[in-house]
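One chain, chain A, appears in both complexes that follow, with chain B as partner in the first and chain C in the second.
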Partner chain A sequence: MTGRVALAAAALLLAAFLISPDSFAPLLEPLTRRGAPAIYTQTSLWSLTVSHLALVAGAVAASAVIAVGLGVLVTRDSGRDFLPLARMVTAVGQTLPPVAVLALAVPVLGFGDWPTLLALFLYGLLPIFENTLAGLTTLPPQVVEAARGMGMTPAQRLWRVELPLALPVILSGVRLSAVIALSTAAIGSTVAAHTLGEVIIAGLLSSNTAFVVQGGAVIATLALLIDAGFRAAEAAARSRAGG
Partner chain B sequence: MIEIEHLTRRYGPRAVVDDVSLTVQQGEIVALVGTSGSGKTTLLRMINRLIEPSSGRVRIGGTDTATLPPHQLRRRIGYAIQGHGLFPHRSVAQNIATVPRLLGWDRARIEARVDELLDLFQLPPAEFRNRRPQELSGGQQQRVGVARALAARPELLLMDEPFGALDPVIRAQAQQDLRRIQRELGTTLLLVTHDMTEAMFLAHRIAVMDHGRLLQCAPAREILTRPASPLVQALAGETARPFHLLSLSQVADLAQPGHAEGPPITPDTSLRDALAQCLWSGRDALPVKGGGVVTLAALRRAAAGAVPR
Partner chain C sequence: MKAAPRISRQGALFALIGLAGLALPLVQLRPNRIVPGEPLSLPAALGWPGWALALLLAAALLALLPARLPARAGLALAWPGALLSVLALGWAGAALIAPDAPLARVSPAAGFWLLLLAFALAAADALARLAPPLAWRWGLLLGTVLAGAAILSSGVLGDISVMREYQSRHDVFWREAGRHLLLAFGSLGLALALGLPLGVLVHQAPRLRGAVLGALNAVQTVPSLAMFGIMIPLFGWIAANVPGAAAAGVAGIGAFPALVALFLYSLLPVVSNMAVGLASVPQPVAEAAAGLGMTRAQRLWRVELPLALPVVLAAVRIVLVQNIGLTVIAGLIGGGGFGAFVFQGLNQTAMDLVLLGALPTIALALVAGVALGLLTAQAGPAPLERTAPA
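== the complex of A and B ==
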């Protein structure tokens, strides 16, 4: 209950800050030096937030489609041989530092949103893939056996039984990826992606701590809210799946 | 009618089911018994092709099962397993409706069938239809599992240790319900069990398996009195044999004219229970409700293998 109140307060505070950042200037002024501006105004914080979220949503959606697809593939009889390969691909995606991906991607994809999208996409594959795998391989064996024995086709078993029962675990993988992507997306602004990282970088370049703090605080609050949203969705899926 | 002809399943050089032939008549109950690893479950699962036979053939109502796509074959065969395997994300009604939905029945027909089955299994539809499986007791879950297996009126029902997870009291009730329902519907039933008492109670014939081979398939009385091999005799339980034999008949089969003291027993009591009452109350004869008596001497003869009436 107190958790919910705190979350609601955080959401309200975030909305208030994005709608009217100037009203928060007195709060941030102590962090500035020599009369530097307390609030970042180069680009509207509202539009940076929207594009930051859009970038994360796009990357996580792509990770989810590919990682869940891979997870389904390697748990089928016909796809079992691909498990080591899929494991390797997703693990490499996770171990390559996003900043290295950006550096490598810029010559090919140019500056802007695309290198960031790629880096976040690769970075997000592993948690979703591993959770999909865990969800699909730990289903109650009698339930799977019953689905076969009832005469469901492999596709019917997947859509009507396996995925609905694995959904809570898959969602928790998506949650992890989304939260990681939300904070990682900030570095995209080093290659001119339109994200809240822009505020932080501007703060670092001009030694303006107020900018760094406001960029960081907005990202952190968004991460908290998204985490809570996914947890609620997981709980709903879990109760629907009979857990 | 199911005709199993020379059915074999090999894993490498080892035959888990070895050249088994067996014919089950329409409406008959056959229990497959044997030690674990005897191949009884593999044999059962080859009938609905959850396991593909290495060689041999199964015909159901004259149709060779190998000629049908496996999922279509399975929709025609009821299947109930130990631990029920109900779908936890579906309501009781949705669980029971699984196969009818796969077969594309229309909604009204499915709803009517679900309610009919819930009534048959003494689960009031209004109360149980929308519950989740995990909100039911073990016995109720098991009944829903069997109802689901019967939903599309299969001509054949396969059961793999369906009562294995139930406590003894609920299990006895479930066995009686199954016998009643099987008689009502006339479904052919093939049942895997390791419980000889269960096999004796339910089955018209008992098929004894060992190391993949079918040793004997015969009515319970024959398995007990004329076992085909020492192994069948051992599986049937040598020390329990007299009690098994008694449990196959009822007081009505053994009643004779006469008079006895004490509280009467009903004609449908098993001879085994009648013997227990004689011993416990120290009487040599028990009056039977509706006239006649059953004597300890007659019970002893029946326990030694004499066929009552």
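== the complex of A and C ==
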């Protein structure tokens, strides 16, 4: 309960800050030096937040569709040959640092939003795929057998039994991807993506701690809210799946 | 009865990727390090020896096709295939760089990366099917690392752009490499020194659990860019205002802020896995130890900690791999490490320099991940526990 109240308070505070950043200026002023501005005004914080979230949402949605699709493919009878390979590629892929993936996307796509989107998409695939595999390969065999016994077609079993049962685990993979993407997107500003990282980098370049703090605080609050939102969705999916 | 397929579908995938790689340009030839260049395929770069090499590689790729191919044979094809692709890259570099154009650059293009990917996937598939014993896997890891080191030090790749960047700054490279390792391992060491006792404490005093893990979880949500950024003014202030702090090595610039940022990110996996590991010790075992008359300290040291070891090692793997990646961001705040090359390269739009920072980071993370994975497997089965800030 206290957790929910704290989250609601954080959400309200974030909304207030984004709608009227200037009213928070006195709070951030002690962090500035030599009369530097306390609030980043180069681009509106609101629009940076929106484009930051849009990048993350676009990338994670694309990763979710592809990763769940691939997860379903390699757990069907026809795709099982690929299962050991898929597991190994996922395990190895997750050791690749997101920053390095981002840096390698630049030669391919140039500067701007696109390399960030590509890196977030690629890196986001792995946790979702891994969790889809975990969800689909650890279903209770009795349930799958029962669905088969009821005369369901493979497609019906997938949509009505397997995916709903695996959904909580899949969602927790999506949550992990989203939280990682939120933080990696900030680094995307080093390659000229329009994200809240821009505020932090401006702060680093001009030694303005107030900028670093406000950019960081907005991203961290977004991460907490998104994390909590997905956890709630996981709990709902879990209770719907009857477990 | 359905006839068994004669072509393995994985093999078809690998061959497809590899053949696409052969069809695409292997290298890019550029007049200097900044301007875009001219893409060249393997035969275009090497003439008739290039054709021979391309045919050899194509044959190796097609040999991956049969469905009944034993995993060992797959490995025996993939390994030399990858090696040959790297050698082809080096030879193409040597053939294309004219002695009178010292500024010219040859860099690997899409075709090379696809070839390497095809053989790496084939090797991974063979390994996954072979599931070799641990000693074999250690041997393969060591062999791969040694082969990589041999190729790099032999000078075969000397005309490739990334190696050119290396040659022009090899002193700095090794200094940054040392810094990178120091940051990644140093923060891990600090996190273990403080996090393991904290994990034991959290396990023995469950009332603290929520507060400690909650706080550490909150630390993980701070975006890495902001975390590194905050440390500079914070420690600058401490060094300037707390007596004795500066003398103790606290500083707002250099590696210190980066070390602390990495340390903070490392705490959660260490503390939570230590607590989870201790909690997973079966009740009968703990009771039997108590029944033997062991004191609480003896039980902890002789029974519970050894049993929790695999879970703790899993945390060490997570932290090390994560820190090797996150250390790149230290380069942005003057903390050094391979990130210095990455961000310098991005600023100058010199992609060879970006690669000089990114490729060693990736190699380091892969080797650390595989090695610690093997160590963990050696220590016994471990439950999964993952956390990952970016």
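Basically, the second predicted complex is superposed on the first by the 237 of 243 C-alpha atoms of A that agree within 3 Å, B and C clash if a C-alpha of one lies under 4 Å from a C-alpha of the other, contacts with A are read in each partner's own complex, and residues count from 1 in each chain.
One rule holds for everything that comes next: a contact is a pair of C-beta atoms (placed from the backbone, for glycine too) under 8 Å apart; a residue touches a chain by one contact, two chains touch by 3 or more.
Fair warning: this is a prediction, and the values are worked out from it, not measured in the lab.
Once chain A of one complex is fitted onto chain A of the other, the partner contacts of A:Val56 are absent, as it touches neither chain B nor chain C. Contacts of A:Ile219 after superposition on the shared chain: chain C is touched, whereas chain B is not.
Looking at the superposition, the partner that touches the larger set of chain A residues, chain B or chain C, turns out to be C. In the superposition on chain A, A:Val161 contacts chain B only, with no contact to chain C. In the superposition on chain A, A:Arg240 makes contact with chain B only, not with chain C.
Looking at the shared chain after the overlay, A:Val106 reaches chain C, while chain B stays out of its contact range. Comparing the two complexes, no residue of chain A contacts chain B in one case and chain C in the other.
Those residues of chain A that touch chain B in the shared complex are 140, 142-143, 145-153, 156, 161, 164-165, 240-243. Taken together, the chain C residues at the contact with chain A in this complex read 8-10, 121, 124-125, 127-129, 218, 221-227, 229-230, 232-233, 321, 324-326, 328-329, 332-333, 339, 342-343, 345-346, 349, 351, 354-355, 357-358, 361-362, 365-366, 368-370, 373, 386, 388-390. Those residues of chain A that touch chain C in the complex are listed here as 31, 81-82, 84-85, 87-89, 91-92, 94-100, 103-104, 106-107, 111, 123, 127, 176, 179-184, 186-187, 189-191, 197, 200-201, 203-204, 207, 209, 212-213, 215-217, 219-220, 223-224, 227.
Chain B meets chain A in the complex at residues 48, 50, 70-76, 79, 81-89, 98-99, 102, 132-134, 145, 148.
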